[in-house]
Each structure stands twice: as C-alpha cells, then as structure tokens.
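Next up, some structures in structure tokens.
Across the two complexes that follow, chain A remains constant while its partner is chain B and subsequently chain C.
Up next, the complex of A and B:
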C-alpha cells in the first residue's frame, strides 16, 4: 500500500517572527521545523507502514530549505521523498492542486496530514486535497489503522470519541494524538543521507502562472500587551474588585 | 524557554548535514529527557537506566567505531554528541565516554575477532555497560607503576589488585582492566560475575553525582584465557583509549560552558537591581563577553581538532591542549556564571553550580590539567618532567 504523508515546514514555534514591509520576513526565521500536527500524521503513517508492509511517501511543497524536513522524515522511516520545488508563496488552492496531482501520479491509497499548519493555521490542505481527489476525508483524527479493506480512524465526538470507517482512497487530518513520536537514530540518519529526493517543478504538474486566486494583502504582529498592574495589601482589595468588575469585566 | 546554543562564529555551519542531524537528535533528547530529570538524579545519586536505554536506541554509543553494529560516525560527530550530552550533565557525558572510548574502543582496536563479535554489538545497543580499570588508589597520574597484576595459569588468568575512581563500575556488565602480566601492562576483559571480582560504589561525591563511580576489587579473580586483549602491550593500550576519551571531553566541556552562558545571560537580563537589569551594567557585560570569547575559541579549537582526528593527522599533544584548555575555560565560565546568578546560583533551580562542581572532576580526570601541561612541556622542550631522581 502506498501511504502519503503531506508535510509542511514552518517557523519553529519558539522562533521569533519579524514583519518587514507588511510580510513575515522569512530570512529572519532562525529555525524551521516540521509543523507539529504533521509530526503526528508522520508517526501514524510509519505505524501503518509497519503494520501493512506499505511504502511511505513523504511529500512537501516549498523552497530548497524544506528538503531538510524530508530527510528528517527519512531518518525515522519514510521510504520515498518528493519535493515540489517552489520558492514563491503559493495560495492554498494551488498547493492542494499540486499535492493532489503528485498523489494521483503515485497510486496512493491513503493520505495523512496535520489538521492545520502551525504557521497559517488555515486547516485547508487535507479537506482541499480530498475534494480534488474525490476522496473520503476524516478530520481531527488521533489514530488510523487499516483492516479488511477499510481504514478505521478515531476522532473526538461530543460524547467522547467516535470510530469512523472509510473505504477507497481516504484523507485523514491529524490532531495531537496519544501516540509518542519516535526519535530518529544514527542508523536512520545515515540511511536518510543516501535517500534521493525526487524534485518536481510546479510547471511539470500543470500549474500555470494564471492560477493565483488568493492574495495575501498584509501581515501584522500581534498588538502589544498592556503592562500588568501590581496591587499590594488588603487595602487595595476594593480597587482590585472594582477593576475586575468594570475594566476587565470578569466578575 | 528553548535552549539556544551559543555559536557566535557559526562553527556548526561547518558540520556535515549528517553531523547536524545527529546534533539535533541528541539535543532534543537532552531537552526532553535529561534537563527535567537531572537534578533529581543528582539528588538521589543515580544514573537513570532510561538514559542507558535511550543512548543505545539513538545509536550513539561508540560513535566513531565502524563495524560490529557500531555507529560508524566521524570523530567530529562523536565530539558533537559529547558536547550535547555534557550540556545536560558531565556525568551523562562521562557514561558515554567510558562506554565508547574506554570500554568499546580497546575491544574494537585490540580485541580478538571473537571478542569483538561477542561484546561490541551488545555494547553499542546499550544492553551491556562497560567500564575501564586503569587508575589505582596510589597510581593516578602515574599509571605505569600500577600494582594490579595478572598471573597466567594453565587454563585461566588470576587477577589481584584494586582499581579506583571507575566510572560505571558498579553497574557495568564488563570491565576492561589493565594489569601487569610478567611486568608488562596488558588488557583483560572481566565480567561482572567472574569469581573474585567485586565493584563497590564510592559514595559521598560533591561532583558528577548522576554518575556511578566505583572501586574494582580483584581477589584471586579467575578469568578464562580468551579474555586477554591480544592486540596491545604496555601503556600504549590504555593511552590510546584515553586519547579518544579526552578528545570527547574537549568537546563536552563546551556543552557545559554553553549551558552556563545561556543561564547566566538569561538571568542577567531578567534580574533587576538598582532599577535596571544587571545585564545593563558594565561589569556583568564584561563577564558575558569574556564567556563568549572563550567559548568561541574553544569551539574553533574543538572543530579543528575534530577535522584533524578525522583526517588522521593528529598527535596526542593536540588532544592534550584542547582537553586542558576547554575544561579550564568551562570551569572558569561556570564559576563566573555562578557569580552572575548571585545567591540564586547555588540553587539547583539553575544548572551552574552543578556544572561547576562536575567540571572540577573533569579538570582532574583523563589526565589532570597539570599533567597535560607537562605533556605539552615535553613536546616543546623534548625533556620530560614527570619524574626525576630526588
């Protein structure tokens, strides 16, 4: 079985983000990491690969730097690495189209990805790819397994959890699950070094120049938080109560 | 707050992709599993068994050794691993140094084919722990005069004597022991259940508290004939091991220094005295910039030595210089970092006092600071000054 994991490289959640000319300055990002929800998708893909003897294909779309993330995925067990090489920031629909084309070209039966990326938090990749592929889509899952020609996924419901069964090509978007993420080891790292990354240009996948439909106007830093106030002593209690009631509106 | 390793000259950009991946793997593990548990391990005086398992699973033990299921990394990668481990704690790095450089290496270099096949895979996986018995109560800097001796019997050897200051001793499954056979220093593999062998733990340390330190006692200890290391005679055996371990220490000390710098910088920026962060005062800035200067020099020294080691163009004196310098500055950095932390510096809420106490040991073991100076003195002048007739 061919299992695809869609990975996105994002600024590390601890990295400082600076804005210049109304856009996030990517050059100032000190550390890029795999989006955390994608890590759970990858872990689930590795488990499925081990259970079914399948082939795990890690796919990403982005500039040269994103190749490191594919090598990191290979270090924990990804078999095939596909890099859609694009320096420009594409809109969600374009990315979904590119990913769906690669998925179609590789006879993939199941697609795993994070429920959203830690940078844009748009959450559109999984459902968008499923729509193009005409695939079943289950979002916010914590685990997926394969048995008797169907995929069984677990997701939260308003009564606790629910099990969902899908057949045919299926897309699953992952929330943070219970599963512990595996660490790479030296052997995996040395094997990953030898893995060839297959690089594809968007043009080869049929993405034209005219397909920009969504344009990001500007980005801003969050508003500065007002400094806190410190009150000391019993005498201040009426002031605190009044402020909590009238200014903070919490009591 | 996430650890940001000081690397002012971006020396790590000279590492290979593979070496950087290994660095990140070990650094992440230290962040997640070591830093949250180290103070407890020190308080209880234990080396957590999970750490042994994890080091084996990551596959970093015996890093530069090739074949026999060993990692087969570069010496530079080995250095990077030591640095990242010692950023957590010198005791943790000591465990890895002893396992890889002092126990696996002599078997790998001087052992028989059978010994290599039997011991090395299980030691690389962390299943078996090794230790190294050279130092004796009365023979530290002068191991050549050791009194532990081996006698050859018809179908076995008998060992008698005692070793001291042996890292991993009590928890070890096997010990590589150096003893005199007919007056010549030879290496022997002693297993923990061999008759006449015991390894009581030494208690009461103020340093390397998360590391097990032991005595090794041999009382008519009987070992089979096939446990002698056939490939080496004389002090060259243990000294080859020490060269590799000292190489790792020259990198490891940088990790401890980086941890102290990181804590001192963070503390100085957040500690307010006289209405301003103490980082805004010239005396504190002077201390921080001195730390930066010394760490940067140490990094360049270690990196260059790593390249020389990987190219095979090194002499033991190169390693002496790096071990001596890098531990020396790391200890001084730990002391200055403690000073910047003020009274808070003595608490285990901060890592500085722990590193400081650890580095006092690191300065002394694997060739004391002074002995390394004498090694360099001999190299410069051609005159040895270790011993003389008085």
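Up next, the complex of A and C:
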C-alpha cells in the first residue's frame, strides 16, 4: 500500500516572528520545524507502513529549506521523499492542486496530514485535497488503522469520540494522537542523508498559472494590548471582580 | 456582491456564532442568504436582521457528519462569497466547497471590510495579515470576533431537498464526555496548569466554573502528565479559544499556551511567580498562590449572584 504523508515546514513554535516593512521577515526565523500535527500524521503513517508492509511517501511543497524536513522524515522511516519546489506563496487552491497531482501520480491509497498548519492555522489542505481526489475525508483524527479493506479512524464527536470507517482512497487530518512520537536513531540519520529527494517543479505538473486572487496587503504585529494591572497578593480581588462586572461586563 | 452564510448549529438551535456571521456581513453593508443544513434553525434565522432569505437544505446526508456529503448538499445552493464559522465543521465544509468551486479559502478571519478585505491571525497569533480578495471566495470567521446581528426580521424560507453520497460510517461511539461545557463553546473559561499541584485540585476550578457557567480548560503539562482529556487542552496543539473571560490559574504562559488564548477579550491570571509570562497578556494579574486566591475569588463571585 502506498501511504502519503503531507508535511509542511513552519517557523518553530518558539521562534520569534519579526515584521519589517509590513511583511514577516522569514530570514529572521531562527528555526524551521515540521508543523506539530504533521508529526502525528507521520507517526501514524509509520505505524501503518509497518502493519501493512507499505511504502511511506513524504510530500512537501515549499522552498529549498523544506528538504531538511524531508530528510528528518526519512530518518524515522519515510521511504520516498518528494519535494515540490516552489518559492512563491501560493493560495489554498494552488497548493491543493499541486499536492493532489503528485498524489495521483503515485497511486496512493491513503493520505495523512495535519489538522492545521502552525503558520496558517487554516485546516484547508486536507479536506480540499480530498475533494480534488474524490476521496473520503475524516478530520481531526487521533488514530487510523487499516483492516479488512477499510480504514478505521477515531475522531471527536458531540459526546466524546467515535470510531468511523471509510473505504477506498481516504484522507485523514491529524490532531494530537495518543502515541509517542519516535525519535531518529544514529543509523536512521545516516541512511536518511543518502536518501534521494525527488524534486518536481510546479510547471512539470501541468497546472495552469492562476491569476493572483489573494493580494497580500500587509502583515503586522498583533495589536498590542494595553498593559494589564498586576496586583501583589489577594487584597485587590474584590476590585478586580467589580471591574469585570461593571466595566468589562463579562460576568 | 452576494454573500451566502452557512448557519452553524448547536443541536437543533442556531449556534450564537450564526448571529455573528450575519452581523459581520451586515456591518459591511450587505444582506445575506442563510443556508440551514437539515432545516434546523431556519425559522429562528429568518427573524435575524440582515437576512435576505433562508434556504433550508434537507436530506439524509445530514444524519451524521461527513464533511464532503454536507458540502455537496450545501454547495448546490451557494452563490457569491461563502461565509462559515471557523469551527472544525465550518472549516472542513468551507474547504471542500472552495475546492469544488475552485476558489480560494481564507480561514479564521477576525476582521472584514467591504470590497472585500480580510484580516486573519497567522503564526498562532504572533502576527496578523490583511488580504484583498479578488473574485469569489470562501471565508470562515472566528467565533466571538464579530458583533451579533439583532432580531427583528421575517425573511422568507425556501426548502430544497438534496441527497449526496455519504462515505463515512460510524461504527462505535466510544466514551461519553462529561456534561461539562466544551472550551470552544464557552464564554468564560477557567484553566489550570501544573501549578495546581495535582489533578484532584481541579475540583476547585470545577466548582468555580459551576458558579460562573464556565468551561474548564488545561495546559498541556496537565494533559500530558496527569492524563487530563486532550479536548480540554488550550494552546498550539490544543484548542484555540477566544472567550469573553479567560482565567488562568497556575499556568506559566508558555508561548504555545498563549497561542491558544491570547485573543480572549479579558484575561485574569493567578500565579505565585510575579515574572510568569502569563502576566504579559493578563488584563488583571494576581500574584498569589491559588490556595489563597481561589477562595476569595469564589466568595466575591458568589456575592454577585
């Protein structure tokens, strides 16, 4: 079975984001990492590969720096690495079309990705790719397994969680799972360094250029909150409660 | 410019964010078509100001949640710019409709102006960006970021029957969550962190939550180390919340926690360390142990009701 995991590289969650001239300065990002939920998608892909004897294909779309993340995925066990090399910022439709085309070209039966990426916090890619592939889609899953020709996943429900099944090609977006994430060992790291990364240019995928439908006007630092009032000890609690009641109107 | 709103439901009733979606579009001077999945909430929605008409979409496909089945049924009656809540279901349905129509989607919008231009947080709230959209798109709006529309209307309701393929089957409902309010639904959240000392001490937060009608949240430390349910976790790898009031007790305020709650309207922090980073986002900070502060806070709150 060919299993795809979609990985996005984002500024590490601890990295400072600096704005200069109305734009985020990517060069000042101190550390780039795999988006946190994608790590759970990758872990689940590794488990599924081990259980089914399948082939795990890690796919990313982004600039040159994202190759490092693919090598990291290989170090824990990804078999095939595909880099769609694109420096421009793409809109949601463009990214989904590129990813879906590569998925189609590789005869993939299941696609795993994060429920949302830590840069956009969107959650658009998994469901959008599913629609383009005409695949079933289950979002925010914590685990997925394959048995008797169907995929069994666990997702949140109104009353707790529920086990659902899908058959045929399926897309799963991952929430934080129960499983521990594995860390690479020395042998894995050495092997990964030798692994070939297949690089594809968007033009080679035969997708027409979209006109610019989303125009970035400006990026800013979040609106600064007025500095709060900090009180030593518990003496001012009655004042705080009365302000929350009478000025803020929140209780 | 036409706007179609996908109503967000809470059981058989409209979710309060539906009023906010309609309010946001009225604010930029447009009326909206409101789609009520499975007909639920349509008579309630027809009374909201700013609604031009209601389309109640009925069909078996709404019996369980399959985003692509819902999106197919809803898509058939959408036109123009499509607006949904940035809830998990709204995001999923919105993404699928955008892919069907080959139009872009912008999620988690916190401000909108006519034309249309939208603002959304990026990098977990460490920055924001403003985007101009050319042509139709799907946008999802962050709950509690917009004023609710008022009641006082009698918009016509039309009914459309739809079928679509359901590809997801539920095979087992696993555990029942407690009766407690979910953090993403609540207007007030009281969250505890490792400073609570032990999971047993969360009973102090729960009893205060009951007084306030609030939900109880938790930091990741508590979820990972003490086995608190993950659905209670607020932050980068938990829920993103923006209640009117967020009370953080014994939480240091790591950047990943702030990512999930910094857009709350009011933040109160109780922490015994005056240098805890949570105080940098707090409107009111109390430098004290929770053992000392909570009883006083609770008795002050009791005096109000």
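Going forward, the second predicted complex is superposed on the first by the 233 of 251 C-alpha atoms of A that agree within 3 Å, B and C clash if a C-alpha of one lies under 4 Å from a C-alpha of the other, contacts with A are read in each partner's own complex, and residues count from 1 in each chain.
Everything that follows uses one rule, which is that a residue touches a chain if its C-beta (ideal position, glycine included) is under 8 Å from a C-beta of that chain, and two chains touch if they have at least 3 such contacts.
In this text, all values refer to a predicted model and were calculated from it rather than measured experimentally.
Once chain A is used to superpose the two complexes, chain B occupies space next to chain C without a clash.
By the touch criterion defined above, A:149 reaches neither chain B nor chain C.
Of the two partner chains, neither chain B nor chain C is touched by A:27. By the touch criterion stated above, A:14 is placed in contact with chain B and with chain C alike. Contact with chain B, but none with chain C, is seen for A:186 once the two complexes are overlaid on the shared chain.
In the superposition on chain A, A:229 contacts chain C only, with no contact to chain B.
In the superposed model, A:217 makes contact with chain C only, not with chain B.
For chain A, the partner touching the most residues, choosing from chain B and chain C, is C. Between the Cα centres of chain B and chain C, as seen from that of chain A, there is an angle of 120°, stated in steps of 10. In the superposition on chain A, A:250 contacts chain C only, with no contact to chain B.
In the superposed model, A:71 makes contact with chain B only, not with chain C. Of all Cα pairs linking chain B with chain C in the superposition, the shortest spans 7 Å. The residues of chain A shared by its contacts with chain B and with chain C are 14. Taken together, the chain A residues at the contact with chain B in this complex read 12, 14, 68, 71-72, 75, 183-187, 189-190, 192-193.
The touching residues of chain C, when paired with chain A in their complex, are 66-68, 71, 88, 91-92, 94-96, 98-100, 102-108, 117, 121-135, 137, 167-177, 187-188, 212, 230-231, 233, 236-238, 240, 244-245, 255-256, 259, 262, 265-268, 274, 279, 281-288, 292-293, 296-297, 300-301, 304. Within the complex formed with chain A, the residues of chain B that make contact are 1-2, 17-18, 21-22, 25, 28-29, 54, 57-60, 63, 71-73. Touching chain C in their complex are the following residues of chain A: 10-11, 13-14, 16-17, 19, 24, 36-37, 91-93, 96, 116, 118-132, 136-140, 142, 152, 154, 156-157, 159-168, 175-176, 211-223, 225-226, 228-234, 236-238, 240-241, 243-245, 248, 250-251.
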